[in-house]
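Got a structure for you, questions after.
A, B, C and D label the chains in the order they appear, each numbered from 1.
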Amino acid sequence: MKFFVQHPYKERIELNIGAITQIVGQNNELKYYTWQILNWYFGGKKYSSEDLSIFDYEEPTILDEVGEIVKRNSYHYIDISSFKDLLEQIEYKKGTLAHAYLRKIVDIVAHLERINEQVELIEETMNRHINLNCGQVEYHLENRPLTLDQLLTKNFSPFFTIDNMNLSFEWVSNTDKLSLFLEMLDGLLSQTTEKYLIVLKYIDSFVSEESYTIFYKQICQLVKKYPNLTFILFPSDQGYLKIDEENSKFVNILSDQVEHLYDVEFMYESVAKHYPSNNFPTREDFRISLETVTPYLLTKMLRQPSLSLVDSVVLNILNQLFHFNYRIRYPQTSDEKLLQKFLESKN
Amino acid sequence: MKFFVQHPYKERIELNIGAITQIVGQNNELKYYTWQILNWYFGGKKYSSEDLSIFDYEEPTILDEVGEIVKRNSYHYIDISSFKDLLEQIEYKKGTLAHAYLRKIVDIVAHLERINEQVELIEETMNRHINLNCGQVEYHLENRPLTLDQLLTKNFSPFFTIDNMNLSFEWVSNTDKLSLFLEMLDGLLSQTTEKYLIVLKYIDSFVSEESYTIFYKQICQLVKKYPNLTFILFPSDQGYLKIDEENSKFVNILSDQVEHLYDVEFMYESVAKHYPSNNFPTREDFRISLETVTPYLLTKMLRQPSLSLVDSVVLNILNQLFHFNYRIRYPQTSDEKLLQKFLESKN
Amino acid sequence: MKFFVQHPYKERIELNIGAITQIVGQNNELKYYTWQILNWYFGGKKYSSEDLSIFDYEEPTILDEVGEIVKRNSYHYIDISSFKDLLEQIEYKKGTLAHAYLRKIVDIVAHLERINEQVELIEETMNRHINLNCGQVEYHLENRPLTLDQLLTKNFSPFFTIDNMNLSFEWVSNTDKLSLFLEMLDGLLSQTTEKYLIVLKYIDSFVSEESYTIFYKQICQLVKKYPNLTFILFPSDQGYLKIDEENSKFVNILSDQVEHLYDVEFMYESVAKHYPSNNFPTREDFRISLETVTPYLLTKMLRQPSLSLVDSVVLNILNQLFHFNYRIRYPQTSDEKLLQKFLESKN
Amino acid sequence: MKFFVQHPYKERIELNIGAITQIVGQNNELKYYTWQILNWYFGGKKYSSEDLSIFDYEEPTILDEVGEIVKRNSYHYIDISSFKDLLEQIEYKKGTLAHAYLRKIVDIVAHLERINEQVELIEETMNRHINLNCGQVEYHLENRPLTLDQLLTKNFSPFFTIDNMNLSFEWVSNTDKLSLFLEMLDGLLSQTTEKYLIVLKYIDSFVSEESYTIFYKQICQLVKKYPNLTFILFPSDQGYLKIDEENSKFVNILSDQVEHLYDVEFMYESVAKHYPSNNFPTREDFRISLETVTPYLLTKMLRQPSLSLVDSVVLNILNQLFHFNYRIRYPQTSDEKLLQKFLESKN
């Protein structure tokens, strides 16, 4: 699937959307713009005239491959740009994940019915007591049954405990916060076929690489389990981009050019063809190299990233494959042997 | 019991307070002032500096016979000056009669308990479903049990129906509105020994004399039934003052002088002594005459009320008994016989 | 002019409306109903289904002589049923008399313009200081000029002072409160030709007869001065009805029958014809008698009002003129001479 | 200056604080914790019992070198973690930078005085018109002068224009948003000697490296100009850490160990001593190398960063200097010459 995201003066930004889409690249402003539009579009933003002025006062659209408008309510939309956003989703306010999650747990309905039976009995009791006989007019009470929403928002609060001590959500480790979010999402999706779109922006800055790797595996399992679930990730740090055979096509690069990656296998073979030596990395080493260099693709950098020799070569060949005419240079030193020996030596 | 109500520059206003106190007299401003202070005092008004300026910035007080301050929270206080006030008391907002009334109906508690059992079961169900295992931290929901207040204010509404049609409180006849109010009061007081003070101002303007008479009988029965119930009435129209042996001492006259009536029997005998003829009215006729003339006592009127000959005489003698030196004159006519014959003739 | 006020099951209530209309009579419930409808109708009430149920869910109407609907926005409408209402009108909230009054004082506009010149200068100063040069985008402030409403409601408060001491509106004498209201009304109407309808209900219970008489004279002068001003009064106590040649036709009696009075002169002559003696009251005495007996017309009373002999006769003849078949009886006594002598004697 | 930030179960986190402090390192959770505490501490958070439970219900503290508690109100505190935060600071709500900024522009006071002169004139005009003479009581209006706060929040709005078209803050480029923020800060600080602490978290993810470099230079100039200004930066991506002779000591590394860097010159010489060859990088190359490797210091990584040979060596030597016993390995390849030749070749 494609999203063609409207831009005020550029061509529409083409995003290749899969179950898990990742958006990287050195054009931070364009990534931010893309996030902003996704957020407003699927988040149901009511536009002001200032919001629309750059679009000639027409609401911006997102189109699909065949040029149809993607409906703004195509998805239940959740944006997580900070842990404040996550906290909001965990609380039981209307419109949050936690609220939707609890609503779907079917067994509550029976309890609710029993509650409202009591409410009706109270009505009867009250009306029996009031027993007012004022002329023609009859006075009585009528009950409004309790609703699930009313109960959830007023009568239940989430708590986090450690050793029987309640603690603030802020003190739960970020890794645990993400787990909780995914677990709720899992619970909710087990009860619904409605479509959910989750956008996570730079959330990886807040957890260790190890935790993020676990998190990423969890979302991979989730999207396999639930075809109605879609993630769009904006990874932040070097090293957090995840590339495998399945999702590589949904890695979108927003740099000087906007492209998405090809299949890993295809890229492996293409790069191998141009590789200057026969000692081409293994498939796994190539995949890791891809994860490292993709954020630097398609961009002319003021300051070159510090990369290993192999990664530098792979980066240059990939740019070439995308017909992007730019090469990073590699600082030649005469003392490589000494340096390498140093690195290999034990402490 | 006495209330000595502070006044900014006059002596304290002495009110003789019984189970049913009535306040009449031609000094409308003083009656209004008295009502205002009662209302602020027992209604728990938080005074501003402007409120207190006329009292040298000290809160006004009401004293009892022995000079002790009557506590502002001596009574649950309800002021009814208009049917808007009555409507407020009938609705289920906190602090209203209806709210207190429903709260006291004991059988609700059992229902509420059963509701909260269900709420706890929901909590259990939810926590079983959530079953989150994120590191050391345990995540769970805690319920806040529903309270009676929450249920009453959110889940019950009063309705008035006539022929199965709901209608606004405004369309209920004023007589029925008052009945409803008294019936609620009755219900509430059957469950509590806390003291209630009800002030009704000019409420008689809105019902027929017949309805008001019934209303008055009802409150007489109520105060007999509940020693913790006290009424202060400000009757408005001529004819709405109710005098009997029991309450006559609690009829306070706020005119040029502030006094309360004596026992009916004592006044009957005192007036009889000064009556110019032997044909003195019966006890019942005297009582009715008292009801008629009391509002005009102790005042020098610009314009004399139109009163029957006998009432005029009684008024003058009563003023004399209170040492109030003023007589209304009676227009003498030479044609009384003709006029009387006319009145006696059939159509 | 006539108002035909819709009633749910009776015929429309016919009110004869003049510059000053007075509504009296023993049918308190009907008077209350009439007030309620006037209040909702001209007060712009948005009806609920409960409000309309007694009218078969159609909005009630008020018709004029020719059967046309009187528009609900025909008048600026002010209802004063209590001094709380009066206080509201005196404060500067939007929609109150005081607010309208101050808005009309033309000289403020010039000051406001000068204020907004300064606001613009502040804008200029600020924008000069900000002087932001961020790429293509220009940043600046824009001012929203102060409005009269904003100034009046936020920056002015009414105060009552006595000997340089601020005091609450409640402590201003009721007589003074009414004066203030009329003075504001006068000021406002001197600046506008828009129509104002003022309904005053039982307001006379709160001031002395003397003050009420002055108040009534003031409103007579106001309606002469401003043809766009209309009063509807619901007088409460005996003695507060004001009848003169000009307004007698606009005295509406809501009792067992609904009627309005005739011209005083016509009634004088009609009553004279049926008077049982030649000693008919003077025109002025007859007028006073009319003021006394009119509230008791057209009704069968459980308990007769205490009236002088002459007033009793006039009441009976007037009922007869309205074809209302009811006579009050007069208690005959054998000792009239003695009683009268007593009344005439000095202390 | 030092901040010793309390931690629930670890030792206090030692931060070396300068005019510009940077916090990097692979321990993302610890960095997040540090930010959270700074934010709550200087942001004036009112703690709940859940917030304090992990601290044995005592408020956490930040101590300085000599063990004194750093006062929570030591600084005006501004936290910018997202552009939503930046937007808030740009709007004119109370407590924001923009509000403080505009308040300090002295020339407004004169305008405000002129406005309030007009308000007083309005008061006079009104009081002259009211001219109420009701008994003893005098009625008048009193003005409440407009305040700067009232004017700023109610009567001015910020606008962004491009080609005379207003556009939303969201559409201003992130680079321009930051410029605007700094310009306001500059304006504000030119008028005050009060201390400001600005915390910027991962803000660099949203702008190009080039823009961030300009931004960093601007804040360097600002802290030189204003000794009462302090920044704490949490840089996000590789390449955004800025190291120079002046600030290197204030680069804090939160990884497996918590340390701060030494003087650049000292590190240059220390590393040179251990460097395996004589071909040691120039001072400038070393500085760039430092910027590259510092975020990876003091941590054992699951996955090694891709670094050039020289950077890898510098990283290892630096770890050694900090007595951190860990070395990254460098993948040896037999084809280096070929790869290097490839990189040097022109397209």
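Here, a residue touches a chain if its C-beta (ideal position, glycine included) is under 8 Å from a C-beta of that chain, and two chains touch if they have at least 3 such contacts.
Note that the structure is predicted; figures quoted are calculated from it, not measured.
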{"item": "Chain labels contacting chain B and also chain D", "value": "A, C"}
{"item": "A-D or A-B - the one linked by more C-beta pairs in contact", "value": "A-D"}
{"item": "Averaged-CA centre spacing for the pair chain C and chain A, given as whole angstrom", "value": "66"}
{"item": "Where chain B and chain C are represented by their mean Cα positions, the distance between them in whole Å", "value": "26"}
{"item": "Rounded Å distance, chain A centre to chain B centre (Cα mean)", "value": "66"}
{"item": "Intercentroid distance (Cα basis), chain D paired with chain A, Å", "value": "26"}
{"item": "Chain B, residues touching no fewer than two other chains", "value": "159-160, 162, 167, 173, 175"}
{"item": "Residues of chain D that touch chain A when the two form their complex", "value": "8, 26-29, 32, 36, 48-51, 53-54, 81-83, 159-160, 162, 165-168, 170-171, 173-175, 202, 205-210, 213, 236-239, 276-279, 288-289, 292-293, 301-303, 305-313, 316, 325, 327-336, 338-344, 347"}
{"item": "Residue ranges of chain B in contact with chain A within the complex", "value": "102, 105, 107-108, 111-112, 114-115, 118-119, 121-123, 125-126, 129-130, 132, 134-146, 150-151, 154-163, 167, 172-173, 175-177, 179-180, 183-184, 187"}
